[in-house]
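One structure, as structure tokens, below. Some questions next.
When the chains are written out, they are named A, B and C in that same order, and each has its own residue count from 1.
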Amino acid sequence: MFTSKYTNVIDLTDYGTEWWLSLVKLASDIYDDPDKYAHAAQGKIMATLFYEPSTRTQMSFQTAMLKLGGTIIGFDNPATSSVAKGENLKDTTKIVSSYSDILVMRHPEEGAAKAAALTADCPIINAGDGSHLHPSQTLLDMLTLYREKGRLEDLTIGLCGDLLNGRTVHSMCKALCGFKGIHFVLISAPELGMPDYIKDMLDAAHCSYTEESSLENAIGSLDMLYMTRVQKERFSSEEEYLRLKDVYTLDPAKLAKGKKDLIVMHPLPRVDEITMDVDEDPRAMYFKQAHYGVFARMALILTVLNDPMKPNALLKGETADMQCRNPKCITQKEKYLPRSFTGKFAECEYCSCRNA
Amino acid sequence: MFTSKYTNVIDLTDYGTEWWLSLVKLASDIYDDPDKYAHAAQGKIMATLFYEPSTRTQMSFQTAMLKLGGTIIGFDNPATSSVAKGENLKDTTKIVSSYSDILVMRHPEEGAAKAAALTADCPIINAGDGSHLHPSQTLLDMLTLYREKGRLEDLTIGLCGDLLNGRTVHSMCKALCGFKGIHFVLISAPELGMPDYIKDMLDAAHCSYTEESSLENAIGSLDMLYMTRVQKERFSSEEEYLRLKDVYTLDPAKLAKGKKDLIVMHPLPRVDEITMDVDEDPRAMYFKQAHYGVFARMALILTVLNDPMKPNALLKGETADMQCRNPKCITQKEKYLPRSFTGKFAECEYCSCRNA
Amino acid sequence: MFTSKYTNVIDLTDYGTEWWLSLVKLASDIYDDPDKYAHAAQGKIMATLFYEPSTRTQMSFQTAMLKLGGTIIGFDNPATSSVAKGENLKDTTKIVSSYSDILVMRHPEEGAAKAAALTADCPIINAGDGSHLHPSQTLLDMLTLYREKGRLEDLTIGLCGDLLNGRTVHSMCKALCGFKGIHFVLISAPELGMPDYIKDMLDAAHCSYTEESSLENAIGSLDMLYMTRVQKERFSSEEEYLRLKDVYTLDPAKLAKGKKDLIVMHPLPRVDEITMDVDEDPRAMYFKQAHYGVFARMALILTVLNDPMKPNALLKGETADMQCRNPKCITQKEKYLPRSFTGKFAECEYCSCRNA
């Protein structure tokens, strides 16, 4: 077992629902009274190591740190960053973590943030490891619900678009299924439906859900509609894509069938799954959601900086000699990493891939 | 009509001469006593969104904000910026303006800053939209004159180089023609002469000017000489370029004919229109001019942050269904923008192109 | 003779051993009590102009400035920086030095920092000019020795790897040969041995050294082992490289023969000249060495900012009309620079190349 003495935030499941709820409440308090926190991170340095560009996420974290009175270093582009090119992940993150008080990391490979946390000398926040995990996105989604609906329970939540591949909607299910009275309406084309393991998880949590193929039919029952992008290349054919695209596009006509107090969310960037004439509707909450993101990240940074150090189990399983079969797993390139797998499915502890 | 509740600075003509003069005076006061302003923007965040690189302008704005005690976020390179690539201008600027208190924007397309201001949630400063407008450059030019000549009136001003395409010299005419006793000497090859619409504007403002083809002949009468770059590709032939290049190059021999209290300005970067042995002459003011730029931008930032919100008319005309014919107009790519044209020439309100 | 009124740090030899020792002691004091210095550079701006990427060095300097309460501007990538592309070095550094209080510069050409210092309006710190000089690296190496061994004298120091081309190890010899009781063990393949001019310098300083071809044999006598990278392309053949690579690779087996209080240093990044299983050994000091780098640079910045201005002789020789023959010398591209050579070898004062 590998533990870290820092409060790393790699995955939603690192901490219980209570911990996340306390962060939502802290974020909400910061939103209401930002001046109280304007010097809370004074003298602290945050490094943002973005091994792939994600300008908005990086700026959101940077803004959060600056609003707490802290300062920032980092890079945003592997092509111009010598450390990103010529050096293994351990050495780079080991060194940068000795410069900074908190390290926010984005990486194209799955499990990269956990790999860095094994040896880093400061807490790590995962700002996206491939299409694997992105816990601060979920936190801001929860904050938006909490602020705009006033609660995180007794809500009918529509998830629409690519439910098969959508990291964001999977995390939403994980984060909310622990609250009482949550009902999910899963709205997608059959080929992009919610994976079984997420539905199993909802069942296990006694969280109800229904599946729908029509946004137009489903929208009337919803308290919140979470839209996601549908990528052309996910469909079997161009015709299929063109036929289904409009069905899962939110426009004023469909929105007209929604409740007065519906809120529409989207992780952004959108392409055309929400038409721009929806923006003026007061139920369009996606820009405000991005704004809430700054406060969610302020709460995250503050908590990670100030929490008493607790042993944070990074690798729980037995170290094994096996290679994970996921080609995007961080252990493919970073050969020195100890391999670790858990459970009957031999789930890789970096990328969550099932190897058995 | 579209108005913004923020004090945006898109164009010189957004505000009257008095407003700009008050900024020059504020900038001059900051220059004399910077300590008084060292915390004036404390707790404020400025985003610099540079959709094309302009390192010096970006660093000048960043320095200005830091000297006011504020902080900075932003990007400088569309190639490495995910928002610049995959997202429409509205969504990016809408979100970033919710992170920051002021947004400084450079964009290769004409009218981009105005387009952003339509929906942004903070004031926008235009730091160059293509070769269209760059108001802070003009402000720093005015500050340099004010500090180094002690006045903005009763001046003989030489404008030399490419007067046909030079944004900077056009703006200089617009900014100074309202002051009394200004006489312009327009020094250029015939094919690069000042456009008629600028000369019409000078006439309308009862501002006198003469045209000269020889810098050597003209220099003796000047209080200020503004040099600009002459690009090879503007000429009909290589021979023509080589013949005329030297005529419009400032060297010690030509400068020897200038007055003792002449000042030489240049927007920089120079190529070879001012030889490097001119740099040591105390009349060479272009480096100090760049230095003044920081203080001009401090005044601009402070004013935009602190001015009481006033309705700022962004689009004054009737929204029309017509497409502007300028291929560099921001409305070509950002199709959702409301089109608006004014006057008998159907001038596009984004890029100033005449469509009739 | 060209002098600057600023305390520039271009080369180790700019200042005497006493000056550097005072910086080591200041850095050590900052390390012990960083809070005392947390506002020492408040209100000051540092520009980092990195004409070639060197992410770690840039972040180390940035962290240093932020920990002193100062702020930072700069660029890190010539490809996206308009000033780096279209403008001569003098104009860029002249202007940026008028924005900032201190300018840290990395440049691929030798002598670039000195060239900038000739005309800059603030002190320059050389953060690497090609493979020529990098004085802050040496300062951090000295700080590591001082902190970890408790002294800078009476030490047996092993230098291992590419001693022919290694800037870092050459600087180490220059910096330490002035201290008493230093003995160097030069460990390398014959084709990568220490150049004669360094050995001459050691002799002149009455500093003893021995040459060894086996790391395994040499390690037992050392107080400090400085490892450097051996590049494949330095060898006569692939076979030769493969044969010798392991000889100069530090692994646990070789380290087992080292003293208990040996420390192992490396300028980083490493490739594979130190195996990753050495990292856990308490004698592995290279990560802590990088951490000390921040404090070394804090001392450097503070001293440069606060030292009373003293005339700093940048060019001591006679200005000559000759062109330096080093193709990487900054004078090759920046033609306006005054040429200057000193001594019987006509050493170029920019790049140290001997022209006679």
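Points worth noting:
Methods note: a residue touches a chain if its C-beta (ideal position, glycine included) is under 8 Å from a C-beta of that chain, and two chains touch if they have at least 3 such contacts.
None of these values were measured; they are calculated from a predicted model.
Chain-to-chain contact here is organised exhaustively, every possible pair of chains being in touch. Rotation angle for the C-alpha superposition of subunit A on subunit C: 120 degrees, rounded in steps of 5. Counting the residue numbers that touch the partner chain, subunit B and subunit C have less than half of them in common. Each chain gets one centre point, the mean of its Cα atoms, and the points for subunit B and subunit C are 42 Å apart. Each of residues 77, 80 in subunit C touches at least two other chains. Here subunit C touches subunit B in the complex through residues 43, 45, 47, 71, 73-75, 77, 80-84, 86-88, 90-92, 94-96, 98-100, 336, going by the rule given at the top. On the subunit B side of its complex with subunit C, the touching residues are 38, 53-56, 59-60, 62-63, 66-67, 76-77, 79-80, 268-271, 276, 287-288, 290-291, 294.
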